[in-house]
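Some structures to go through are shown next.
Next come two complexes built around subunit A: one with subunit B, the other with subunit C.
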Partner chain A sequence: MDQEFSLTSQLRDRRLVITTSGYVNNTGGQAIATEFDRHFAQGVREVIINLAGSKVVNSVGMSFLLEILEKLQDAGGAMVFTNLDPAVDKMLTIMGIFSIAGKAATVDDAIKKLS
Partner chain B sequence: MPSALPVTPDEDRFTGQLSSRIGILQQGLRRISRSSTLADLGACSLEALRLTVPSMETGLGYRQKGRKAWEALGECSARGLTELRRASADAAVPNPATIGKRGGCLVQRLADDSSVGLFVRPHRGFSVTDLDLVTFRLFLQLFDGAYQEMAFRKNEKSLVFSLNHRILQLNSLIETGIEVSRLTENQSPHHLALIRAVSLVNASRGVVRVHSGKRLREEYVFPEGSPLRQTPGGAGRLESSFDFLDHSYTFVLYNKESRDGRGVFEETDQLLLDALARQVHASMENRYLHEQAIEKERIEKELNVATSIQAKILPDALPKIRGYGVAGVNIPSKSVGGDYYNCFELPDGTYALVVADVAGKGVPAALLVSSLHAYLRAFLEQAMPLRDLGSRLDKSLYRDSTDDKFVTAFIARLKPTTGEIEYLNAGHNPAYLLRTDGSIEELPNGGPPLGILNLPIVFESKRITISKGEQLLIYTDGIPEAENEHEEFFETHHPLAEYFAAQKPASADAFIKKLIADVKQFAGSGPQSDDITAIYLRRI
Partner chain C sequence: MNSPVVLKIELPNVPDIELVAVEGLGRLARHLGIPEEKIGEARILVTEAIINAFEHAGGGSASPVVVEFTMTPSDLVIFVRDFGKGFDPSSVENPQLAEKLKGGGKRGWGLKLMESMSDDFRIDSAPDGTRITIRKMLR
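Then we have the complex of A and B:
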C-alpha cells in the first residue's frame, strides 16, 4: 500500500510526464504543482500524470491537480491521467476531473491521445 | 418645460475623450473577466489601464482585509507601495485619495473589505488632468466589479468542489461497506477502512491499533512507514474505537490538511470515521456469525451421519429369552450419544448382555461405539473366556481411539437354562443383583476401562447365578447422576440400590418405564446432562 509521497518527471517531446508514488495529499499535491510550474514557465503545455504508484488521493491533493488543469486550460494546454487505480479513477470521475482532462491506460497511450 | 443646458465645446471634448478611454478599458475587460487569480486580474487590469492612459506611470497594490501591508499586483514600484501605505494610514477614510497634478494614490475598498490601490505618476511633460482622474476612478470601479466576479467564480468552484467531495465521501462510505464485507479471511477490513478514513477526511496520516486487554496485538500505519506525531488532543487528532470478541480496535487520524495549512477536524469528519469503524465492526460480526453458522451446519451434518450409524448399531428390540424377562433403554443427551447397550444370542445358545459408556459425546464417541459393537460381536461369537475378551477388546479399542477416548463396559454372558452368568466389569458402574430375600449384590470392577492404556492388562471375570424371581440391573452413570434444577444428583435423593430393591414391577418393560419416568420427574425441566442407558433382566 501507499508509502510517503515521491515523484519523478521526464520530458517526452515537450510533454511533461510526472510519475508519482505514495499518498497524493497536501504534500504530494504541492510537489506535483511545483514540478508542473517549473516546466509550465518554460512553455510546456501538455502534461501526463502517471498515478501508477498512488492508490490514494485526498481532496487537498486533488485541488492542486485541478489548479494545474485550470492553468493548462487557460493556456490552451491539456492533461491526461494514466495507470489509475479503480478507487482513484472513481474519485476523479466524481470530482468531475474527466470533463476537462483525459484518461489513458498507460503513458504511451496518453502520448498517443495528446498527439 | 425647461430647455436642456447647452454643451460647451470643452465639455463635448471631455465626453468624447472619456468615451474613447472607456472603450479601451472595456476591450481589456473581456480578458479581465476570465482571470482566475488575483495576480492575473491585477496584471491584466494594469495592462488595460496603461493602454488607456499611456502618459502615466501606474502601479496597483492590494491589501487583504484586516492587514496593513500592501502587496504589488503586477508591477508596482516600492515608491508606489509606500505612497499607498501613507494614503491609507487613516483607516476611518473608506476610499482615500492623495492625488494631484503631479500624481499620487487612489484607494478603492472592495466588496470583501480588502482594498485595491492605484499609484499614479505622470511621465515627464505630463500632468494628471480631470479627465485622467475620472478615468482612474472608473478604472477602480471596473476593477471592483471584476474582482467581485472573480470572487463569485471562486466561491462557485469551491462550492462545486465541496459538494463533489461530499458525494465522494458518501459514495466511498457505501463502497467501503461493500468492500469490507467481501474481503476474504486473510484480508483485514480495518486496514482498508483506515486508508479510506485518512483520505476522506483529508488527514495526513493514521493508525489502527488492535489490543487484547492491554497487550498491543497489531498496529497498522498509513501511509506505511510514516512517523506518528502525537499531536496534542483536539483539532489535530480524531479517534474512534469498538470492541469485538476479546479485541479492541482503535482508529486514530492525525493532522487535518487544507490548502491554507493545517485545518481543524470537523464534526462531519468524526461522523465519517465512526461510520467507517461501524462498517468494519459489522463486517467482523457478520463474518463471525457466518462462520458459526457454517460450523453449526457442518456439525449437524456430522451428527446426522453418526445418528444414522448408531441407529443401525443399537437394537430396535431385545430378544425374548425363555424363562426370563428382559428390557433395555437408551436415551442420548445429544443427538448422538456415547452409550451402548445390547442383548443378543450367541451360537452356543447363551446370551450376551452389554452396557458400555464411551468417554465423550458426538461423532468421535459414536465411531468408537461402532468399533466396540463390531469387536464385541466378533469376540463373543468365538466363545472365548471373558477375561481374554477383555484383553483383546482393550488392545483393539486402544488402537482405534484417540488419547482422550476410552470405554467403560459391563459385559455378561447368560446361560438361560441354569441361570449362570459370567461377567466382566471394565471400569463400569457396579451392576446390581437383587436376590429373592431382598438383598442387593453389587457386581464390581474386574479391571480398568477399555482402550485407556497401552499395557498388557489382565482382566478378571466372575460368575454368579441368577435364580427364579431374582433381578439384574446394568446401567450407565446417566441414571444415578441425572441432575435436577438445583444441580443435585438422582443418586443423592434415590440411592439406586435402594430404589431397585423397592420396586415391584409387573414386567421387565414396566420396570424400565418406571425407572425412566422417575428419573425424568426428578430432573424436571432441566436439560439432560448425560446419556441414560440400562438393561434389566428378571428370571421368571
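Then we have the complex of A and C:
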C-alpha cells in the first residue's frame, strides 16, 4: 500500500476541510498544522479533518492535531473528524479527543454538524 | 492453516521504516485469510511499538530495532526489541488530554495506546535494551 503522505485543503463557507492521504506521522502532522495555521491566521475557526485516505497514523502525528485543537479552543473554534478508519477512531477515543472534537461519517455530515 | 506464521525483521533507524513492518503484517494477514479490517488496531500497535523502540534505541542507524510477528488466524503476538539503555516504564506518566492541552508537550501517548488497544501488554526494560510484547486477538 502506498503510504506517502499528501494533503489537500479547501474552504467551504469559511470552514477549512483538510483531506489527507497516506501515513500521518510527524511530517504529516506538521503539514496539517502548517496548513491549519495559514488559514487560522486569516480568521478560519472551524476545521474538518478528513482522514479517508489515512489508515495508518501514529500518535506523534496525532499530537500535532492537539496543537490545532488547543488553538481552536482558545479561539472558540471547532474541529470535526470524518471518514475515520475504525482503528484510528479507537485511537482518538483512547486519547480523549472526542471530548473536545466532533466526529462525522462524511465531510458533508461534518459541515451539517458545524452549522 | 492453524500453525503460526512468523516474520522476524531487523529495522535500521531510517524515517518511516515502521511501514515495512506494517506491510509485512498485512502480508501475513492475507496469507492467513484474515480480513484487512481485523488488523487495523494491530497496525497502530506495531507502529507505536516501533516508534517507542527507536526513541529508546540510542539513535543512529547502528541502533536497529528487532520486530517479530507470530500470527495465527485467531491471534497475533508482536515482539519489539531495542538495544538502548532502557528506561523505567513506571516513571512514564499516564497522559491526560486536559494536561496536554494546557501547553507544553503534546506527545507521550504510545504506552497508553499500546496498553489500551492490546489484549495483553508487557514491557521489560533493562540496561541492555527494552522488550515489548503485545498480544492482539484477531477475531
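One rule holds in what follows: the second predicted complex is superposed on the first by the 113 of 115 C-alpha atoms of A that agree within 3 Å, B and C clash if a C-alpha of one lies under 4 Å from a C-alpha of the other, contacts with A are read in each partner's own complex, and residues count from 1 in each chain.
Please note the rule applied: contacts are C-beta pairs under 8 Å (C-beta built on N, C-alpha and C of every residue); 3 or more make two chains touch, one makes a residue touch a chain.
Since the structure is predicted, the reported quantities are computational estimates derived from the model, not experimental observations.
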- In the overlay, answer first, second, both or neither for which of subunit B and subunit C A:94 touches. both
According to the stated criteria, A:60 is in contact with first (subunit B), second (subunit C), both, or neither; which is it? both
Requested in this report: Considering only touches as defined above, state whether A:25 meets subunit B (first), subunit C (second), both or neither.
Outcome: both
Tell me the contact category for A:52 with respect to subunit B and subunit C: first, second, both or neither. neither
Taking the superposition as given, does A:69 touch the first partner, subunit B, the second, subunit C, both, or neither?
second
Subunit A residues where the subunit B and subunit C footprints coincide 1, 3, 23, 25, 27, 55-60, 63, 66, 70, 87, 90-91, 94-96
Subunit B residues touching subunit A in their complex are 34, 36, 160-161, 164-165, 167-168, 171-172, 175, 191, 195, 198-200, 202-204, 222-226, 257-259
Subunit A residues touching subunit C in their complex are 1, 3, 23, 25, 27, 55-60, 62-64, 66-67, 69-70, 73, 85-88, 90-91, 94-97, 99-100
As the complex stands, subunit A meets subunit B at residues 1-5, 22-23, 25-27, 55-60, 63, 66, 70, 74, 87, 90-91, 94-96
Touching subunit A in the complex, subunit C uses residues 15-16, 18-19, 22-23, 26, 37, 40-41, 43-44, 47-48, 51, 95-97, 100-101, 103, 106-107, 109-110, 112-113, 116-117
